[in-house]
Each structure stands twice: as C-alpha cells, then as structure tokens.
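Once you scroll down, you'll see the structures, which are given as structure tokens.
After this come two complexes, each holding subunit A, first together with subunit B and then together with subunit C.
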Partner chain A sequence: MEFFGISLPGLLSQLLLGLVNGSFYAILSLGLAVIFGLLNVINFAHGALFMMGAVITWMAMNYFGINYWVMLVVAPLIVGVFGVVIERLLLRWIYKLDHLYGLLLTLGLTLLVEGVFRSVYGVSGLGYDTPDLLSGGTNLGFMFLPNYRAWVVVASITVCMLTWFVIEKTKLGAYLRAGTENPRLVEAFGVNVPVMITLTYAFGAALAAFAGVLSAPVYQVSPLMGQNLIIVVFAVVVIGGMGSIMGSILTGLGLGVVEGFTKVFYPEASSTVVFVIMVVVLLIRPAGLFGKEN
Partner chain B sequence: MKYKHTTLALMLAAAGLATGAAHAQEKVTIGFITDMSSLYSDVEGKGGATAIQMAIDDFGGKALGQPIELLTADHQNKADIAASKAREWIDTQGATMIFGGTNSGTALATAKVAQEKKRVYINNGAASSALTNEQCSPYTMHYAYDTVALAKGTGGAVVDTGGKTWFFLTSDYAFGHALEKDTSTVVEAKGGKIVGAVRHPLNASDFSSFLLQAQNSKAQILGLANAGGDTINAIKAAKEFGIDKTMKVAGLLVFLSDIHSLGLKNVGGLLHTTSWYWDKDDASRKFANAYFAKMKRMPTDVQAADYSATMTYLKAVAAVKSTDADKVMEYMKKTPINDFYAKNGVLRPDGRMVHDMYLVEAKQPADSKKPWDYLKIVKTMPGESVFTTKAESKCALWK
Partner chain C sequence: MNLKNIAVIGYGLLFVGLLLAPVLGAYPVFVMKLMCFALFAAAFNLLLGYTGMLSFGHAAFFGGAAYVAGHVIKVWGLTPELGLLLGTLSGAFLGLIVGFFAIRRTGIYSTMITLALAQMLFFVALQAPFTGGEDGLQSVPRGKMFGLIDLRNDMVLYYVVLAIVIAAFLLIVRTVHSPFGQVLKAIKENEPRATSLGYDTNRFKLVAFVLSAALSGLAGALKAMVMGFATLSDVHWTASGHVVLMTLVGGLGTLSGPLVGSAVVVLLENKLGEIGHALAEMSGIEWFSTLGESVTMVTGLIFVICVLAFRRGIMGEIIAWLQRRRGEGKL
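On to the complex of A and B.
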C-alpha cells in the first residue's frame, strides 16, 4: 500500500519518529505553559535550562562517573535550584512590568548561560553514550527502532501526564490554578503565593532539564542544543494556547508528527512547517487551539 | 637643458612625496568574518582569528612600517550581515583585505563586495566551487579546498572501491547543493548512479527521518553533503539507527573537530578528504603545537590555512610595498606558495590556490596512540588531479 508514493511502513516509521521529537516538544512546552500560566513570564531561558540538564548529565558522567539513571533525577534538581535562584534574584522584580521585560531578561540569561558553556566546550558537542540497559534496538518489521527512542516517548508522556494530573486534579494544583486567576484572593486564604510562584518556576526549569537529560544520548550534548529547539517550542505553545496544560502536551506531540511527515514529503520545509501552522491557527483561533478566549 | 633637469628632479620629488603620502595611508587592515558562535564555529571561528593573529605576530606585527590590524566579526551564517560588515570595514575602517570564513552563502556575497571595492578577498572555510567558477573574481583567493576537490577526492575514492549507488543527505543552501552536484558528476563519470537525495535545513537537529528515507533507497553509499554540526548529528543518528550496517557513510566534508567530537569509536574507518592534517610532517606539527598552546585544541585544516593564507598575503604586501589589490594579487599569482601548509601552491587566474589534497581515513580507536591522533593519510592527491581543470572551468578570467 502506498500514500503519495510513500509506502505504509515508511509512513509508520515517520509517525513514530515524529512522536519521539514531539515528546521533547511536549515536555518543554508544558514547562513553558506552566510558567506562563502562573508567572506571566515568557521564559526564553527554557532552551538554556534544557541544555544545562544535558550538559550537567555529561559532566556528571565524565568528571564523577555518575550514571544516566541517577542524573535523570539529580540534573532536574540542580537546574530546579538554579531556577529558584533566577526567580528570587531576578524575575520577582519584574512581575509588575510588561511581558516584554520578562522575555528580554530571560533571553539575556540564555545568552549568558550559552556563552559560558560555549567558551568552555565549543559547539561541536560532546558525545554521551546510550545507557547500557537501553542500548540496541528492536526490529518492528517496518523499521529498526532504537530502544532508547522508545524510552524517550514513554518517559516524557508519563511525566507530562503526571504534571497534568497534579495541576488539574489535586488540591495543590487547585491552589496553583487559583493563584493564576487571582493571587490576592488566594493569599487572603492563607496560601503563601510568592513561595508557590518560586516553586512553579523551579518546577518548570526542572522539566526542561529532564528533557535535557533525555536528549543527551540522542543529540550531541552541545551549548547550542537548546537554541535549536526553543523557537519551535514557543510556536508549539502559541498553537496550543498559552497557559493550557493539556493543550501544550497534545500540540507538542501532534506537531512532532506533522514535522515528521513534512520531512518525507517536502524536507526543505521541515523547519518552517510549524510556523506556517502557527500563522494559520492564529488567524482562525487567536487564543490557540486549546486556549480560552476572553 | 638645465631647466629640463630641474623639472625632472621636481617631478621625482613630487612622485616621492606622493608615494610617501600613499604609504602613510597604507596600513594593512584585515577584516575577518566567519561563524563565531554557531554550528561551524569549531571548524574555524575564534580559532581562525587566533591563527591569523599568530601569522601577524610571526610576521613581526608590522607591514609597510605600520602595525597590522585585525578586525573580527560573527556573521551568524547570514549573507546580508557578512556583506554589510565587509562593506562597513572597507568604507570606514580602511580594510585592505577581507578574510571570509565558513558558510558559502556568506562567502559568495562577501566576495562580490570585495570585487566591487577592489579589495583582496581570501577564503578558506567556505567550500562552494562557485567562488572560483561561475562567480570568480580577480580579487578572490580561494585557498584551502572546494566542493570539486572534495568530490573528486572522496567521491572518486569511494566509487573506485565499489560504492556505485549513492543517496545524498544535503544541507539545503549554496554549499550543500554545490557539493551534491560536484560529487554526482564524479560518481556518474565513474559509472556510479545517484538514486536519490534529501535536502535538510541548515543546523537541523534530528536526522532520523532523513536517514530512514536514505535507508529505504537501498543505495550502498550515504553521501553526507553537509558540514560541522550537521555532519556530526547525522553520523551519530546513522549509528543509532543501524544505518551504518546496511550503508557505508561517506563524509564529503569532515573536519578534525567533527572527529574529535564524535570520538573514534563512532567514526573509525571514515574515509574523507582534507587539505591538511596536523600530524602530517614536522613543520605541520610545529605549527600545530604552537596553536595548541594557545587554544588547547589541535587546529583544523581551515585554521592552518588561515595562518598560511595570512602569511602569503603579508609577504605579498611587503614584496610589492603596497596594499593595492591589483598589485598584491598579481604578485601572489606569480609566486609559488611554500610553507607547512602547501608545497608549491599555485594561485591560478580563476582565484583557486592549487595544492596537494589528502585522502584520509579516521583511525580505529586501538590505532590511536596519543591525544588527537585521529587520521591516517591514505593517499596524497596532487592539486591538478582534484581541483577544477581548465576544460571544466566556467570562469571568464581563465580562458
């Protein structure tokens, strides 16, 4: 069977690869959506935090011999703490200002962080081996799927679903959502909103770092790895609807798949297709696919 | 009679004054513009600036009695930035030579500016053969390698060892297109066949989709018509998806920095073409060690060529006692280049500097005896056999 000259197995394998990339988009856009929802900050530093997760994982392995599985937990914690520092020292001063200031501040942070890592490690990247447990691959009949890529999809969808559950279905999540709507009122009920905000930013940063650890064996660990992803991820958030949790997860996965198919039918457009979709969505639904119109 | 002598003397004096005045303005200023921060910056980047500065220092730091100045900028792989920066340097900073860097798109744009403004234009990092072919200029010196030499070197060697059917993974801009086209010509001339190609955006991060398409083509050879970070990620993904078990990967433009980044266990056996290797001979090792002392990395062939080309230019300026681009180019075209980088290098009328190229193979991890011991020279290829020939050339200056 063939579709537009591409065999069915060919399409299936591209669908699967699209899901792998979509998993990274989902987990990164989720973090952005959570941060934007509560802090109203467009966190441009997300790509840098993602990169830090990967580089810290590489450093731990090469300088201290700490393995991948430990770093899957530790790297997000370290970057989360870095997030606390950023929020406490810098971001909290600009909440009252226009969105643009947050964007500029976090963009500046990105340039700083990337610059430091670039001057130390260069741009060619550092190799990180796939953990032994997940090395090798499975022949699915229509394609050879490296086990590690399958793990990426499973791990990121699990984390995304957990996050969604916590925010939408638990009491803590209820505070968070209430804090987004009306922080003053929530504070009046005795909830410490500033701490909640700090922890939210830290959590968003940790999510980015988690994606970074996941990506370390897939891409070369390089100071520029976040830069390549972040612009696409922003488009994902805009398409899904700013602040919508489930929206950003589904959009992330979906756009990964669309991008994957573009790579088969018209590869030259694969880096722009997401933005074309963004323009169309903004024209039809300015608040995004899952966003609420005010 | 006496009157005539006086006039002559006055004229000579005036001429002397005039040359004196011209000398006073003739400060050598080199404007170096390359990718300083993105995917090609390990290939040349700051290391290229360091190599140029080393050449300036070794030359004594002065030319025509004045200190030599080096300006540097990051073109961010954007042709408009590269061209406007070159224009600005020539118009306001008195740049006498524009040293263009990696990325053929930026190089073609900058070479045009240099031609219009009559300034010497040297390029090492950009590979597109158009620089000395369709778009050749009397002021361009294309020094290190080009897509034709890479195609004839690697492409020819691979077809000779039985790799007859090819699939290209091509970077979607001037350089990738040129490399794909030039390699296809070589492969087809030798009886090989091109079964397909996929063009990916510059600086793509995920290559798995493209690689599966390559695998489905059932070609024997996967030709990588890309460079730097793109080549690295493509080779890494080819390994992960087991593509290297069914196809043989041919890196058409591979740099030492790529091999270093990937590690020999991922690239051992990779056949490619280079214009220079640091462990080639004593003179090369001497330069490489001096460079290593500054950068803590061994130089790529582009960085070595940056040193050599700067030295060639400065010697020419000193010899003709002028920065006039026509005079400097004329001198460089008639003077053979001999140093650690090139043996009897000849600058042709089309702007191509012809010198030996090397077919090299990445060593297996067990054969690497010291840090940066990565390559084995398989064959030295005389320049005449790999660069564009007069019969193939479309350059109007070489007819």
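On to the complex of A and C.
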C-alpha cells in the first residue's frame, strides 16, 4: 500500500515514533505548566530531572540488578525526593524575585547535575535493554507494532490523564488551582501552601523522571539526553500556552505526531519543524493555542 | 573622591593594562579572546541590564555572525573589514527576526522564544552545507585589513581588535546615556508607565534587540577572525547561557560588570585545571585534580551561588559598597 509515494507501514511506524516523542513532550510540558502555575518558576532543570530518571534506572539495573518495573516506581520517587531537597534548599529563596532568576537558578542546577553525571559516565550513550515482557512486537497485518513503543504511549497518556483528573476534578486539585490564583487567600483558609508548593515541585520532578524511565529503552541513555529535549519542550509550552493542563497534553502529543510526519516527508526539517510551528503560532495567536490573553 | 573619578581611574588603568599586555608577555590571542567575550557580554547587558529583556538566544547572533564572517573571508575571499561588516549585519538581521517574535510576548515566554529560535538556528548550522557540520569552519585566513594592515601578525591584530572593541564599548556607553537609553531604562523599570507616557515600547525594545544582536555579531565575527574558526559550540545554547553567566557574575545593568564578569568566567574556565591541581596539592584531596574536566559543574555552581547570594554581581556589589561609604561620609 502506498501513500503519497511512501509505504503505509513506514508512515505508520514514523507516526508511532512521533507519538512516543509526543508523549514525552506532553509529560514534560505538563510538569512545567504545573510547576509554573504554583511556583512562578520555569523549571529549566526539567531536562536534567528527566535524564536522572533514565540514568538512575540504568544504574539500578546494572549495579543492583533491579528490574524495570520496580524502577518505574522507584526512580520517580528518588527524583521526587531530590525535587523536595531542591525546592526546600534553593528555590524557595527566589519566589519573590523576577522570573528570570528562577530560570537562571534552575539552569545552574541543570549544569551542575549534568556535570556530575558527566564526570562519572562521560557523554557516550549507555546501553539499556527493553524489558522482556515488552520486547518484540505485534504484527497488526498492515504494520509491525513494537510492543515497547505502544506501551510508552499508553503509559504516558494514562499518567497525563490521571494528572488532569487529579488537578481538575478532585479536592486536592481544587486547592492547587486556588493556590495558583491566589496563594495568600488559600493560606488564610488554613491550607499549608508552602508544603503544597514543595509537593508540587516534587510531583513535577517525579513526572519528568517517569518520562525518563520510559524513554530509556527508546533513546540513548546519556547525561546530556535531557538537554536538547527541554528546549523543544519550551517551544511546545510557547505553542500551547501554559493556561490549561489538557492544552499541554494535546499540544505535546500533536507536535510529536507532526514531527513524525515531517520525518517521513521532509526529514531535513524534522528537528526544526516544532520551532517553525512556534513562529507561526506566535504570528497568529501570540498567547498560544490554549493560553489566555492577559 | 567620588564615584566618577574612581570609574575614570579604573577604566584608565584597564586601558593602559590592555595597551601594555602583549608587551608585558601576555599571550595576545588569549587576551583577544577575552576582549571578544567582553564585547559579547557588554552587548548582551545592553538588553538584559538596561532594557530588562532576558534573551537566551544570543549564541545565534554571536555564532551566526562567526559563520558568516568566516565564510565570506574564507570562501568568497573578501577582505577582513568586509567580513566584520557582513558579520555584524548578519547579527543585526538575525536580531531583527528573533526580536520581532520575542517582543510579541513578555517575560519568561519571551525568553523561551529566543531560546527556541536560537536552537532552530543551531540545527540549521548543523545541517547547512556551508557551515561544515560537526567540524565547523576551519582555518579562516586573517588577510590584510584595507589591503594595508597585515593581520597575520598577532601583535598587529591585537591592536586592531583592541581599537574595535573599545569603539564598540564606547558606542554602548553612549547608547546607555543617550535619551534613547533613558527610555530603555524606563521600560525596564515600568513598561506600562513608559507606554502611558507615549513611548512605543515595542519599537524601542526591538531597536535595543537589534543593536545588541549587531554588537554580539561583531564580537562573534571578531572571534572567528582571531581564532581562525567558527564552530557549532558558538551557536549552541550553552554559549547563550555563558554570556548570561558573565553578565550576572560581573553585575547586571552596570557598564563595567560584563567586562569583569567575562574576564572572570573565561579565566576560570581556562585555568580551572591548574586551580584544581593547586587545590589538590594544598589539601591533599586527589579529587580536586579532576576539576579541569568538570567545567560545566563549576559553571553551574557559580550560577546557583550568584542567583542565591550575589545577585548584584562583582561590580554591582563594589558600586553599592562605594555608594554606602560615601553616604556615611567616609569617602
């Protein structure tokens, strides 16, 4: 079967790869949006936290023989605790300052964390096996579906939807949204806002690490793996606007798919297409697709 | 003695020091590299320190201009002065494009836009046929300026670079103190108020952006000429981070800050290995001797410390201290 001169299986497999990338964009931009909402900090360290998730999993597998499924839970927990430490120790001192200091502080953190991992592992990729249960693939008749990639997409979308549900539909989420609007008033009602802020950052960090664990068998695990990803995610955030949770998820997935398509039809542009879309969106809707004009 | 006199003495000493540096045995190429980064940081500070816009895409102007200057000198065989001119113009042109999009949003979004667009240029530089991909543009000849001044001699090139950097710095000083510069400061302090006073703030921001990008381009073109190459690391976002760090360490919104900051950062990076070895010898801790390989780590640490404890930067702290002392009537 052919489609604009490109075989359908080829197209679909690129599309799936695009969805995989899109899942990571979605999780990461979701975390950025949640953190920004409450902390007013653009977390540049998100890429580094993503990388930590992947590298910690690699370490646990290689040094202690702990399996993938355990690490899928443990790695985000470890990185979440790391997030608590960062927030308590560093970030809380700069909330009252201009946005730019938050960005610069987390940039410094990124360099620090990447530097530490680099001095141990260098910059080359570390090998990483797909868990047995998910290795191989399924022949759907019209295409070959690698099981692991399908799992990444399903797992990410599930996590994104859970996050959306908790924030939009539960009481905890209501506190969180209220805290985003007016933290002082929420505090006056007896909610412990500082703890809420700490946990929010930890949650965002854990989300990034979860994406990192998922990504490990797909990407090369290396200390620099989060670096370029985070900049694409910034573009995703500009395109989607940080106003809505669902907006972040949809924009992330959508851009991943667009990137996948570009890889098929015009491979040279696949690394720049997200930025081009950003430019177009800025021209037409400066506040972003789901953002609110202020 | 008032602040102005101290500043005059400081700049005077710096000028004499730079004039004599190569004679006194400093390695001219290294000092030229320092001057290129000082100009880059000063140009960047014009935007962040005086207009309040944080651009995270200045590597695009610096590195882009380095590629353009290198290409026109090496492949087209143009003279160095034309190379510098075209490099500066390409910086200005890129600045116009990036600035146009950046000012459509404010604050942190604007910063993310500059970062994203600069990253786009990075990918272009990685794939375009004329940039040499991963290898970069190698062995750019220096040639003769105006057909007369032979730049292949390090000493001659040194004084040419010094003259250009000083001229560019004076332009920045003049801009900051001009009515235009005052409007920029007003925008930084309170943009809605500047708008209500009748200023078209977006236009001022765009002009500031283009000017800053053009001067960053000049710095990049100069660096390509001095070092004889232009590489991907000049357009990578870490180069943008670098210039932010230099400005932050030296002192945001001070004229002398970027000069001091760039010197501190470049020196630290180049001498980190030696510092590490010395520390290892002094303290007996073997780990310090690997410090030279951990430049990123140390850079990150400086960032964190600066933001948390030292936001005024070196020159900012010194100026504040001098002002306090004068306030107490001691000086």
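The rule we apply is simple: the second predicted complex is superposed on the first by the 284 of 294 C-alpha atoms of A that agree within 3 Å, B and C clash if a C-alpha of one lies under 4 Å from a C-alpha of the other, contacts with A are read in each partner's own complex, and residues count from 1 in each chain.
The rule we apply is simple: a residue touches a chain if its C-beta (ideal position, glycine included) is under 8 Å from a C-beta of that chain, and two chains touch if they have at least 3 such contacts.
Because the structure is predicted, anything quoted here is derived from the model rather than measured.
Trainee: Looking at the combined model built on subunit A, do subunit B and subunit C fit side by side or clash?
Mentor: Once both complexes are aligned on subunit A, subunit B and subunit C clash.
Trainee: Now for A:H99: first (subunit B), second (subunit C), both, or neither, which partner does it touch?
Mentor: The answer is second: A:H99 touches subunit C but not subunit B.
Trainee: In the superposed arrangement, which partner chain does A:Y219 touch: subunit B (first), subunit C (second), both, or neither?
Mentor: It touches subunit B, and subunit C stays clear.
Trainee: May I ask you to decide whether A:S124 touches subunit B, subunit C, both, or neither, giving the answer as first, second, both or neither?
Mentor: After superposition on chain A, A:S124 lies in contact with subunit B alone.
Trainee: Would you sort A:M278 into first (subunit B), second (subunit C), both or neither based on which partner it touches?
Mentor: Only subunit C; A:M278 stays clear of subunit B.
Trainee: Please work out whether A:L107 is in contact with subunit B alone, subunit C alone, both, or neither, and reply first, second, both or neither.
Mentor: second
Trainee: Does the superposition put A:L134 against subunit B (first), subunit C (second), both, or neither?
Mentor: In the superposition, A:L134 touches no partner, neither subunit B nor subunit C.
Trainee: Counting only touches as set out at the top, which of subunit B and subunit C does A:I66 meet: first, second, both, neither?
Mentor: In the superposition, A:I66 touches no partner, neither subunit B nor subunit C.
Trainee: Under the stated touch criterion, which partner chain does A:M143 make contact with: subunit B (first), subunit C (second), both, or neither?
Mentor: In the superposition, A:M143 contacts subunit B only.
Trainee: Per the contact definition in the header, classify A:G260: touching subunit B only (first), subunit C only (second), both, or neither.
Mentor: After superposing on A, A:G260 lies in contact with subunit B but is clear of subunit C.
Trainee: Running through the overlay: 97-105, 151-159, 259-267 or 331-339 are the candidate stretches of subunit B; which one clashes with subunit C?
Mentor: 97-105
Trainee: Show which residues of subunit A both subunit B and subunit C reach, each in its own complex.
Mentor: Residues 118, 228, 268, 271-272, which sit in both footprints.
Trainee: In the complex of these two chains, what residues of subunit A are touching subunit C?
Mentor: 36, 42, 90, 93-94, 97, 99-101, 103-105, 107-116, 118-119, 228, 231-232, 234-235, 237-238, 268, 271-272, 274-276, 278-279, 282-283, 286-287
Trainee: Which residues of subunit C touch subunit A in the complex?
Mentor: 48, 54, 56, 101, 104-105, 107-109, 111-113, 115-117, 119-120, 123-124, 126-127, 237, 241, 244, 248, 290, 293-304, 306-308, 311
Trainee: Using the touch rule from the top, collect the residues of subunit B that touch subunit A in their complex.
Mentor: It is residues 37-39, 41-42, 45, 172, 198-201, 203-206, 208-210, 212-213, 216, 228-229, 232-233, 236, 240-242, 257-258, 260-263, 266, 297 of subunit B that touch subunit A.
Trainee: Under the touch definition given earlier, write down the residues of subunit A that touch subunit B in their complex.
Mentor: Touching subunit B: residues 7, 10, 13-14, 17-18, 20-21, 118, 122-127, 130, 137, 143-144, 146, 148-149, 218-220, 222, 224-225, 228-229, 260, 263-264, 267-268, 270-272 of subunit A.
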